[in-house]
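Before I ask anything, let me first share the structure, which is written out below as structure tokens.
Lettered A, B, C and D in written order, each chain numbered from 1.
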Amino acid sequence: MSRKVDPQRLDLASYAHHFSVDTQFGDVDSLGHVNNLAVARYYESARARFQMGVFGDDMFALANPLRVVLVENRTSYLAEVHFPQALVVGSGFSHLGNSSYVCSQALFRDGVCVGLCDATLVSVVDGKPAPLSEAHRQLMAMRMIAPQTA
Amino acid sequence: MSRKVDPQRLDLASYAHHFSVDTQFGDVDSLGHVNNLAVARYYESARARFQMGVFGDDMFALANPLRVVLVENRTSYLAEVHFPQALVVGSGFSHLGNSSYVCSQALFRDGVCVGLCDATLVSVVDGKPAPLSEAHRQLMAMRMIAPQTA
Amino acid sequence: MSRKVDPQRLDLASYAHHFSVDTQFGDVDSLGHVNNLAVARYYESARARFQMGVFGDDMFALANPLRVVLVENRTSYLAEVHFPQALVVGSGFSHLGNSSYVCSQALFRDGVCVGLCDATLVSVVDGKPAPLSEAHRQLMAMRMIAPQTA
Amino acid sequence: MSRKVDPQRLDLASYAHHFSVDTQFGDVDSLGHVNNLAVARYYESARARFQMGVFGDDMFALANPLRVVLVENRTSYLAEVHFPQALVVGSGFSHLGNSSYVCSQALFRDGVCVGLCDATLVSVVDGKPAPLSEAHRQLMAMRMIAPQTA
């Protein structure tokens, strides 16, 4: 049942992009910990900023013909998070396909990894999957968690 | 990259529990569709009610020694959802382990499956994984998506 | 400190529009009740649907030159709400100005009013306050909580 | 219709407590700006941390007999907020009653006030309004936006 985790994924230094998150009062649910989907929001926030460094600050503008679509999101919860803990999200890429790719992230509390997230995304232009441009591909290659093996 | 899906998973009739969801204005994000994590909330809401039918209405009470902990959440987005569409979430179990199990769900719009979710959960008592009781196991067995093969 | 409330505001029959809301697991906060801003979301959801009956189903479309802007939101909490209670939001108008108006709402649990909300909104065209059209004004007049006195 | 605002309320220096907020991708709604209730979350987050400086870090613990209950929340929107702008929330007290009080806040973008919030709260012990202790009252008096007149 449990997911095998590459030790590299548990190390903040493996990730190209670091984003600080403060847990908020409203993130806590009735079980007294930060709600699972509130944690998922931390990944989303970090991923948005991380990807703006690749696709540009206007990547979410409706006028932009390029759109990045989430097709699968896999989140692992390794330990509970509580308010008002401070957290850091590490973000990088772990797979580069033709039009699809994987953004892999980890959540850290005091340097300890408390969660993982893998988002599979697809580059879409005019509603159809479109190959990643060479320029984007180069920027992404510099942000890989591990060198891609052929 | 894309996930192979058992056709059974795309059929609402496969799921023991049906829960109606109205999309809300606040669920829409800047891309003009229902936000991915708002969709994840629909699954969470349906899962909470579905599981209350197995573990009891007090399953989220802090005084309850039994706690069900989410360890992994995997969500697939098959099609966009828009406000003010009406949706139905189907919920069932797809795996019963000793203390862990998988709750599998699907989201339907006008009978068409637009998303899937698989949540791996663990039964915990006093902070430690604890085997599912025979009573719970029987209730869960009646709500399987497919007969478990030995 | 406490707000004087017109008894009419506490009666669901005073409101032109009724909207059913199911509380959700994720709406509950660490205090064990439905979070105050989750309650505010119920009002927002009901208000969106209520206003679509006046301004049209495309009122939130970005292409629509008319935009309704919230300038003030005042929410009163009369009693706690808990999961999984079922609620009803009543919505009506309580003031019609030239370009601004007030949408007044109340939240009911088993017929008892547990909260009030007054949203002051302004009709805006091309970024500037614009008088409400006669057609809209007539539709709004039919949905007043009380006849407006001159 | 429009609220008269004391100029002091528009000045960050009037507030005892400052809290930095980063807007997030998920806070943006279909109108392309930060959703009104996402803004309300910023105030809630700042208010929670501000009040922990008065009532203690355990103020939200369920075991704490003292509970601070929100009875009214009034939020004014002076200007739109967009992602990924950085904001600051200023928090102070503007009224101290026997058991009730008002926490007044303002939201700033590049030093310009873009919103106001006034939350009326009541100190409750064992479910009943209870006078604020002298110790809490002193801590609150030091955090007033303006000296209270007798």
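A few points about this structure:
The rule we apply is simple: contacts are C-beta pairs under 8 Å (C-beta built on N, C-alpha and C of every residue); 3 or more make two chains touch, one makes a residue touch a chain.
All of these numbers come straight from a predicted model, not from anything done at the bench.
Chain centres here are C-alpha means, and the one lying farthest from subunit D is B.
Taking C-D and A-D together, the pair of chains sharing more C-beta contacts is C-D. Taking each chain's centre as the mean of its C-alpha atoms, subunit A lies 36 Å from subunit C.
Computed centre separation for the pair subunit C/subunit D is 23 angstrom, with centres defined by C-alpha atoms.
Distance from the subunit A centre to the subunit D centre is 32 Å, each centre being the mean of its Cα atoms.
Of all residues in subunit D, those touching 2 or more other chains are 25-26, 28, 30, 32, 37, 41, 44, 60, 62, 83, listed in ascending order. On the subunit A side of its complex with subunit C, the touching residues are 25-26, 28-30, 32, 35, 37, 62, 83.
Within the complex formed with subunit C, the residues of subunit B that make contact are 22, 24-26, 28, 32, 41, 44-45, 48-49, 52, 57, 60, 62, 83-84. Put simply, subunit B touches subunit A in their complex at residues 1-3, 30-32, 36-37, 40-41, 44, 60, 62, 67, 69-77, 95, 97, 100, 120.
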